[in-house]
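Inspection log for the structure reproduced underneath, given as structure tokens.
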């Protein structure tokens, strides 16, 4: 039986490379038709904020990576509801073209549904 | 195959993979991962792959030279690799950004030298996805 | 049941409290590396129904005593904890 | 007067609250890199009498708006802030 | 006029290299007769805990570095009182042979007395 | 010397030193430090020394090869060094642990290659203490 795999994205973008390298790992898996489910939690929800303009700090926008996800078949982004509200983010603000945002209330229960977790 | 004593679950050999994100001598996590690898092999489990990602690619540096009285993590991986024919994979994209190259990459990128240690190989992120599919357990050792 | 591994100090990182929000009754939580500094204060209430472990070597390295409510284990026991749980989630930042 | 520089998110790191314990009235506090995520919640009370700055480029990179109570500055102004204060203390972990 | 320099040590030992590399920088400066004052604050106070036995994790004890400080003329260790109490550490427990432990109540005021800060 | 406008303090040229602890492409801090160095030089201040410590030693790697569309931090330091004759010092002890070596260190440690980029030099921790003594300001760019 195939493993059910979850990628957990907990890092804010740009301050460290981990947010970017996490999405790159997910995209690589998706390109091989082995895409994990995706959960954004804690500071990871900042990856989804609209209007990021990282050219001024000489970085590429992470939103390009996010927008590539649906093209590789990752069409659902799970997002921790508590993490959003702690950061004053209205879920309605979040929009990734081609992807559906699904809010997760019980993160522990959600995680428990998987065999393997990739942690970023 | 050895069977750890004192547990009440039925023991079975499992296939592990490890994802290592920390550079040796920067955070403790590379040393922890190495100890964990030794422990799972000693218990009779299989180590399907160690995937070095993010700063973990520095585990594969042939040039690190810690002081005599500090543990040599790269050498630790190499010894384990020789003993168990491990698959030690350094992510090629992460390694390129951080300056860990084998000789063909050094040639291709027109860089003056190569520094990937023996026993490690460069490969793509697909090897991490493959490990997630083909292992019973994947353990992440963060930064 | 999930095995959660926390490797950062709860005084400087949110790793433990972030993890606590994701722990279910019966999950296991293992403190490693600087995560063992959680021994220096009360554990989050949400962890009341979790099984708590810490790496004995990491606690000893830091001069910390392990209270009776937390089981100090070695690497071999850590490996078997991993076989007994899935998935294994690392909270490292 | 001291210039304090905070570069980590207050949601995941204690850097900002550790810094707040060391800020005196009249000190300056500059948010840079992931430190600008402090804009997403209330600042610690202890900072009420400090002058607050953030790097405009780091806030824009992350899609954050800068409220009127915090002055958004460029690198040139950061350099002059450094000349106007000493010591300069970095809270980065 | 010579700079008054303060080294601020905020990191717990062993988990990252920063605590060790900070003390090595201080020792190097002391060996050149340019030793800074030292402040242990936040998780940095964990460096001073008694009974550290890091051989089990294949590291050298940081206490050797601390004990070398007085030999190089660094005889006073300033320690944040609040950081100790937050971590349940009794100041009386702290003993570095040859060094005097001085508790600092107002860290902000203490820092303000210096021109240059080295941050570890 | 240029004089920044709009400030009410008396402007004077100052001597800065920077301590850089972060590796490029791992944390943002190396890129921030480079931008800050450019800004202080543009304002007419002096940059006495940049001291690369901890993971910051990787700024001096000659082998890093970031993707074409990402900033090349090492190259940025080198360009600034050439333009302003900067003192870019990589801590020799931190670099040895992390595998950043010049050719004489590579020889001495019997390592197969050297990888310190042009424009950087290896030196001891005394150079950090010296910077603390001889600079008006020392700014730390952490990990």
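When the chains are written out, they are named A, B, C, D, E and F in that same order, and each has its own residue count from 1.
Rule of thumb we're sticking to: a contact is a pair of C-beta atoms (placed from the backbone, for glycine too) under 8 Å apart; a residue touches a chain by one contact, two chains touch by 3 or more.
Values in this document were obtained by computation on a predicted structure and should not be read as measured data.
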Any chain in contact with chain C as well as chain F: A, B, D, E
Smallest number of contact steps required from chain D to reach chain F: 1
Classification of the chain B:chain F interface as same or different, half of numbers criterion: same
Chain separated most widely from chain B, comparing mean CA positions: D
Approximate Å spacing (C-alpha centroids) for the pair chain A, chain D: 27
Whole-Å gap between the CA centroids of chain A and chain B: 25
CA centroid of chain B to CA centroid of chain E, Å: 34
Shared interface positions of chain C, touching two or more other chains: 7, 11-12, 14, 18, 33-34, 86, 88, 90, 92-93
Junction residues of chain F - those touching two or more other chains: 21, 25-26, 28, 32, 35, 54, 70, 97, 137-138, 140, 142-143
Multi-partner residues of chain E (at least 2 other chains): 10, 14-18, 42, 57, 59, 116-117, 119
Chains that touch, pairwise: A-B, A-C, A-D, A-F, B-C, B-E, B-F, C-D, C-E, D-E, D-F, E-F
Contact footprint of chain C on chain A as seen in their complex: 6, 8, 10-11, 16, 18, 41-42, 82, 107-109, 111-112, 114-117, 119
Residues of chain D that touch chain E when the two form their complex: 1-2, 14, 18, 21-24, 27, 86-93
Residue numbers on chain A that touch chain B, as the complex places them: 2-3, 5, 17-18, 21, 24-25, 28-29, 31-32, 34, 36, 116-119
Touching residues (chain side chain B, partner chain E) in the complex: 25-28, 31-32, 35, 69-71
Contacting residues of chain C [partner chain D, same complex]: 11-15, 18, 93
